[in-house]
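A, B, C and D label the chains in the order they appear, each numbered from 1.
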């Protein structure tokens, strides 16, 4: 029978051949495709092929009520859904001219940081698996599951929490939740040594990751790279500190940076960020009980809720980078336009194509995972 | 594979034949390789189900990377039209017996994306589905439960004919092809020759052919063996 | 009588290898599971997998060479099994010796290369070219080790080597450096991390296996059981004194296989050139130093 | 380097309207002609080097597209949203605008996205081709006059789900107040051609459902 999934390309006088990575390929993150032209082992050019996860979110949102949209926004980035709801809620609040009560803001911050912890744990395993080491994936995903348990505890949803609404959060924290959170953080910190020994200081892994997909700061800025990928190039830029939202200006945290800009620097930045998130969460555990008050600013009946005319651009630092929602209202009960600026739309298309050029076939998957690209953010 | 080839089903005279058959179906139910293809957001619940916490391997299920080796195709969530084409291609490349599990409500009826112009709504219009696991998204426990159900179906296939949905694709190819053509256009064709395979493995029925397969024959460009040229 | 006896041995030796090999596969998967903090597969899982793969209703063959390649791959190992003496059964080991055996161990890779070549899948082609490169890398230390051992025992017959060790000391005591070099070569031979470059799922979708389905994949699974068994028993015979009965031989063989497996799941894979560099540097150096002592 | 206030730079552009929304947000309205000048100015003179996004909004009532360029400065920690309006064009004469790819590399992605979703051609953009919607043959789907729901009703079929346990509940007077089929058919009825009527029908259905469930805000 024919080799079906392969179409030979006739290229005349050339050594080049084409190879598909994805959409069905273990070296691709999610449902995404990357077409490579190879000369031997060296990538001559790569072309991203997106759209496998396209659902037309922006169109869907124009056809639904403001409150209904909360159910679909988290689906835009599956591994890290919390920043999506928060960003959408913040944008709507800005148009409405209301502000979430201070306690709700603290709870939101906690949710964002927990989500970041979960997303980073997920990334370590994925990145390690592209180099052939599967144990960190098993460990990371199992530890992430414990975070998901907490999500389930306080929001009711394991992955998609749909916990935020414009004006606050849906419900109060369950009793003794902070104690559980504190226990989890203790556990995660106790695992630090294991992860360091297994992954971050593993000599073979370091050899593989160092120098792979290196990006200089100028290139990163030119390609609009944000988030941990930018910080790995030596620029300490974080939306949480530079365009503060929620209560981040009251919290103490460092912005970890690395200067090499390669895959190893990126995963180290994520590792450090994970522990910074734990530090933030510890502060929240300390401060939250003393912050009393409502968790919701009342909004009109959501089924006949007309948001006044206006527009807002809300930016949040997700685990992947700068996430932004541009929401336009024409005064109706539905958004007139919602534009999602997913950080991965910059990383997974132009940056990946740029970095893949000249890389080795062995490194392509690693470059993609080290950029922590999330394909649904590209496709929407 | 040449079209003249045909596997001749001999009369089974071996008195132990059904014992062997039972043993094979027992082993089939105990060892399932699933294809590592994340079609949608439900895929996020597969890593937990596969890894340390729920550990699918103790049920005999492990991920495989290419469709050739896989037994189960997990459709994890909505399938956009672009994905659906690839999913059908993947499904046709898999070797029978093969099973499809539709995870998430989106595969049943479009789910929360029912208004979306870009996603297909009913998965079982395009390929036979063995088990649906509803939920948005189903928890790992539900995924395991669904897989357990599939295993039971395979085990009881002889009695209840639940586990052989894959035969339906050959038996009623015209129906599935019709739905695919309605969505992808008349000139839709996959590189796999399902009709030839149905003939070869003695799975053809009257419903294998119809107006849609005629249309396919009209548009089908012959697929020649591929050449790889270097210089 | 003698011919009948030989016939029985020729059948039983691969059979034992298959059964023991399946247990080794199970052990390998259990070790992985334990390191990854999970339970792992049930006891009969390797058997279920193989029966399932052979019980597939449809297969895709890419042509005659594809079929022959798999037969060569499995056949090469079956040939190796009957050259590998186990307690009570010698097969044709007395006639072949360790040199023939090491030739037989190359046949499977060549067979796979033939079969995969016909598939025309670029992933498979890249994978098999990497596999042959890796073979080149681990064969040099392997041949050196075999040569050193043969020189030391003054015999090219495995039976003779085992007898020598039973009378004197185990090879690992008398030439520890060579034994360590042998372990390196073993890791490469089994194709486990960090020398796993040719099956690399994340890059080339398990390379040579990409187009294998049904019975072909089943053939590869069977091959894997033989491979583990051969590696374990050969190393035990060369350095751990073989065994007078299965009770003494098998624990050694399992131990030998368990060691690379425990290492494998803690490391990523090297790139092709690094595989060659590592395998041509350390084990070759160790083997040469050891040879200097022996000679 | 002495810092020039951003307003001073912005005011060099003709016909500009500046709104300070809050400390880190400035809204700027300019003509379509002077937008590239503006972007060049703020990039070259005021360190606004990070193009965060380009958004297109379809103001169908005005027959215009609004293009919004969100540009961020790492040094001044401020985001300028530059709004401009271009003609919406027609099917035979699609809307055109000039690309800013030579200023901001990421514009490649956003402009291609807008090209697919709205049909605006950006002159000078390197890859004006389909990317996400390669399998889509219809009109650009994000246009307000593309009715996704009608398209879906025409193209796809639905599964009806009426299990026995639900039937039992319905017999006892319970069950689902408004079935999904009814909502869909409410959307599909041909005599209700406008969006508004269809929405009304759906809202009525939702309200009835809400009453049954006793759902409170």
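Annotations for the structure displayed:
The criterion applied here is as follows: a residue touches a chain if its C-beta (ideal position, glycine included) is under 8 Å from a C-beta of that chain, and two chains touch if they have at least 3 such contacts.
Predicted, not measured: the structure shown is a model, and the values here were computed from it.
The chains other than chain C, kept in their positions, stay connected through touching as one piece. Among the chain pairings, A-B comes first (most C-beta pairs in contact).
The most central chain, judged by the distance from its Cα centroid to the centroid of all protein Cα atoms shown, is A.
Of all chains, the one whose CA centroid is most distant from that of chain D is C. Centre-to-centre, using mean CA coordinates, chain B is 37 Å away from chain D.
Look at where the CA atoms of chain A average out and do the same for chain D: the two points lie 22 Å apart.
Annotation: 43 Å between the Cα-based centres of chain A and chain C.
For chain A, the set of residues that touch two or more other chains comprises 1, 3, 5-6, 17, 25-26, 51, 54, 56, 59-60, 63, 138-139, 142, 379. Chain C has residues 36-38, 60-61, 120, 122, 201, 205, 211 in contact with two or more other chains.
Among all residues of chain B, those that touch two or more other chains are 1, 51-53, 65, 82, 115-118, 226, 228. An unclassified topology is adopted by the chain contact network, corresponding to no line, ring, star or complete arrangement. Every pair of chains in contact is given here: A-B, A-C, A-D, B-C, B-D. Those residues of chain B that touch chain A in the complex are listed here as 1, 35-41, 43-45, 47-48, 50-53, 65, 67, 78, 80, 82-83, 86, 89-90, 92-93, 112-113, 115-119, 136-137, 139, 190-192, 223, 225-231. Residues 1, 3, 5-6, 17, 19, 25-27, 41, 128-135, 138-139, 142, 198, 202, 204-205, 207-208, 360-362, 364-366 of chain A are the ones that touch chain C when the two sit in their complex.
Chain contact summary for the complex, chain B toward chain C: residues 1, 23-24, 27-28, 30-31, 51-53, 55, 57-58, 60, 62, 65-66, 68-69, 71, 95-97, 197, 201, 226, 228. Touching chain D in their complex are the following residues of chain A: 49-51, 54, 56, 58-60, 62-63, 221-224, 226, 235, 237, 242-243, 301-304, 313, 315, 322, 324, 326, 328, 336-337, 339, 341, 345-346, 349-350, 378-379. By the touch criterion stated above, chain D contacts chain A in their complex at residues 24-25, 49-53, 55, 57-58, 68, 70, 74, 77, 79, 81, 104-106, 108-109, 117, 131-135, 141-142, 144, 148-149, 203, 206-207, 210, 217.
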